[in-house]
Amino acid sequence: MPGALVDFYAKHSRLIDQIGVNALLALSLSVSLQAGQLALAQAAFMGIAAYVSAILAMQAHWPLIATILAAVLVSTVVAALLALPVRRLRGVFLAIATIGFGEIVRVFANNLSITGGAEGLSGIPNDATTPVIYGSLAVVAFVLFALSRTKFALAVTLVREDEHAARGVGVDVGMVRTLSLALGGAIAGLGGALYAHASFFLTPTDFGFARMEQILVWCVIGGVTSPLGAVIGAALLSILPEVIRFLSDWREVTNGVILLLVILFAPGGLSSLWRRGAIRVR
Amino acid sequence: MSLTLDDVGVRYGGVDALRGVSLTLEPGRVLGLIGPNGAGKTTLVNAATGLAPLASGTIALDGERVDGLPSHRIARAGIARTYQNIRLFGALDVRGNLAAGAYARPGRLGTVELLRLLERAGIAGADLDAAASSLPYGDQRRLEIGRALAASPRVIMLDEPAAGMNPSETGRLVATIRAIAADGIAVLLIEHDMTLVRAACDDVVVLNFGEVIARGTPAQVGRDPVVVEAYLGSGAEALS
Amino acid sequence: MFAQQLLNGLFLGAVYALFAVGYTLVFGVLDILNLAHAAIFTAAAFAAFSLVAAGVPLPAAFLLAAIFAGLLGILLDRVAFAPLRKRNAGTLVPLISSIGVAIIIGAVLRAVYGVDERHFTLGGLDTAPAIHLGPITFTTVELTIFLAAIALMVVLSWILRSTTLGRRIRAVADDRIAAALLGVDLEKTIAATFFIASSLGGAAGVLTGLEYNSVTLDMGGPIELKGLAVIILGGMGSITGAVIGGFILGAVETFAVAYGLSPWRDALVFGVMFVLLVARPTGLFGKRALRQA
């Protein structure tokens, strides 16, 4: 038996690693979406962290742990700073502003020599092994689980449900939005740093709007307000292309079809299929 | 704790929504706020809860200025409210809405406290696990009151809590409101239903076009010709 | 030099405006950000390519491709938006829905046409005669594209201002419930709105394909995001704003390239957009204020 597992892993290790990183990215967006914020800057935070981590590893020869921590720190700070100018934006306006921010980041990555310009970086030390990736995912899952039991989690839900009434019960809405954006930035940063160390190269197009749309699709399919749903959505849609290889050219159509089916028939995402009734607050 | 509005003015887009409004809410007493639609009643509550900036005047809670503070800090200072159009956290269950009310208080509400809140709000039989939006309309209004009470407020502002209720439900509401005052809370009641106002309020302030046009007991105000005219046009009978 | 750059900017801006008008029309009427607009833009370009390759003369191919885009728009609405209207689904859900359709359209195009760049099989696109007028120079192709874009926007303006359909569209944009109460057939009006918006977006796609004589799967990418900048600049929901915003954007980009800022031009565009969103989210002409929670 163990032999078969080892073979399976050897054949699919890249996919398995990918699923882990994608799960982190999906969680990072889920945190913002749970606060009701359509903040679409996760791909940009991921990119910033990926570049920081790769550059520190290749040019300053920092060990993996240090580059990851530095990258997460940078992406968190950037996210917290971004929260300030967008604090009064809601809905579609917030989405567009964060998309614009993402494009600005992409252009910088495209033009700076330290990021390798349009060619990007290659030769990044490949030391983000599967245990590291899934260990990080476990840490994040644990932190989010612990947070879900706090008043902060209640505040996040209240801000999402009715911001006005949330103020009326004493919730500092601005602080909640900033913290959720920063937390999302941290998790996306972790995903980005791991992505860098699990890939052979980075280019600016890896972190553009297409990536952002992909992350959004994972979260929506899994369930916008459910972190577990986000992870499942990411995993499912990462595996799907492999499973339906036989459809060759028509594979991508199924992604779109699945998305539409979920939107039309299970709008709370797949997670709504197993969550019954009202949102319970502990 | 008493809440004092002193010469309060609020402007919306060039128009005086409130002008020179002064009133005081005293603990243990219910002050009715009445006036025709658009008179500025909800604006007053918005101003007192930090949702509308003051153009002039001050608002003080036990002598401490609260105007100019962000809305959530005013809530934490002890002022709670209900809304003209119900603003429950619809997707949360009843327990969740009450817990939301107690957000700013340290610790969590135990089951005993939750049940007590339901009792004080007049929905003692409500299912704690039911989705708030699944409750009958009148119970939803009461749940909003329960949520406000969960904050252990010193001041409660009720914005048309009887809207949509039938006469017997309204009658029960009187008892609920008087009990809240009896707990030492200062109550402001915005209402159109004069029976409720007469039964529940100790004093009444009448607003029209953003200004106070009369104040006194419900009986006095009901007979005041200025008030009658504001509501019904001159030559009408006393408000019944 | 300045005059030439300005002209280039106007030419570029005309197509941006044409694309953005479709975006903002749907937003103004339905409060939906339609992220499938760029996919329809691309699909129309491929349709025109195929028609021309089959021997259809260019003007007819252009018209047919635009109509095809319009029909795609109606289909988009029926599949992705109409079912959600009954559910009162908010702003995020239709946006995601449109992404789903965009993915499907893109995938179908990929399956049918493959990943290679296509060129119009017309003689003369690359060798069109240049016209010199004093300090400015342009080709007949560029001029035709510009005039076509302007003509379409004039037609749109006429439709909205002078026809019954236009009045109905404006009524639904102002207040959907009131319009329904006054007897406006909502579903038909919305379908017409999508037809118009998508055919304009499709026309922009064909024109863009002709301008660079290149039709590729990802040609919609850059304009999709720049279109956002245009409608923010012009004001969400304002047709006039989208037109003026399109021209301004075209000019800004062209001048950025002319003055050596080419690699940074996108950052400039989105930087301006970001600042506008923070400082004046209603844009130049928009009526939509910040959405309250």
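Labels for the chains are A, B and C, by order of writing; each one numbers its residues from 1.
The working rule: a residue touches a chain if its C-beta (ideal position, glycine included) is under 8 Å from a C-beta of that chain, and two chains touch if they have at least 3 such contacts.
What you see is a predicted model; the values in this text were computed from it and never measured.
Interface comparison, A-C versus A-B: the higher count of C-beta contacts falls to A-C.
When you average the Cα atoms of each chain and compare centres, the chain farthest from subunit A turns out to be B.
Legend note: the chain whose CA centroid lies nearest the centroid of all displayed protein CA atoms is A. Between the Cα centres of subunit B and subunit C there is a gap of 50 Å.
Note on chain placement: the centre of subunit A and the centre of subunit C lie 30 Å apart, centres being C-alpha means. Computed from the mean C-alpha positions, the centre of subunit A lies at a distance of 43 Å from the centre of subunit B.
For subunit A, the set of residues that touch two or more other chains comprises 162, 164. Remark: subunit A residues 151, 154-155, 157-158, 161-162, 164-173, 277-281 touch subunit B in the complex. Of all the residues in subunit B, the ones that touch subunit A in their complex are 49-51, 70-73, 75-76, 80-81, 83, 87-93, 95-96, 99-101, 103-104, 129-132, 134, 147, 151. Across the interface of their complex, subunit A is touched by residues 27, 33, 35, 79-80, 83-84, 87, 89, 91-93, 95-97, 99-108, 110-111, 221, 224-225, 228-229, 232, 236, 263-264, 266-267, 270-271, 273-274, 277-278, 281, 290-293 of subunit C. Those residues of subunit A that touch subunit C in the complex are listed here as 36, 38, 85-86, 88-93, 95-97, 99-101, 103-104, 106-108, 110-111, 162-164, 209-210, 213, 216-217, 220, 224, 249-253, 255-257, 259-260, 263-264, 267.
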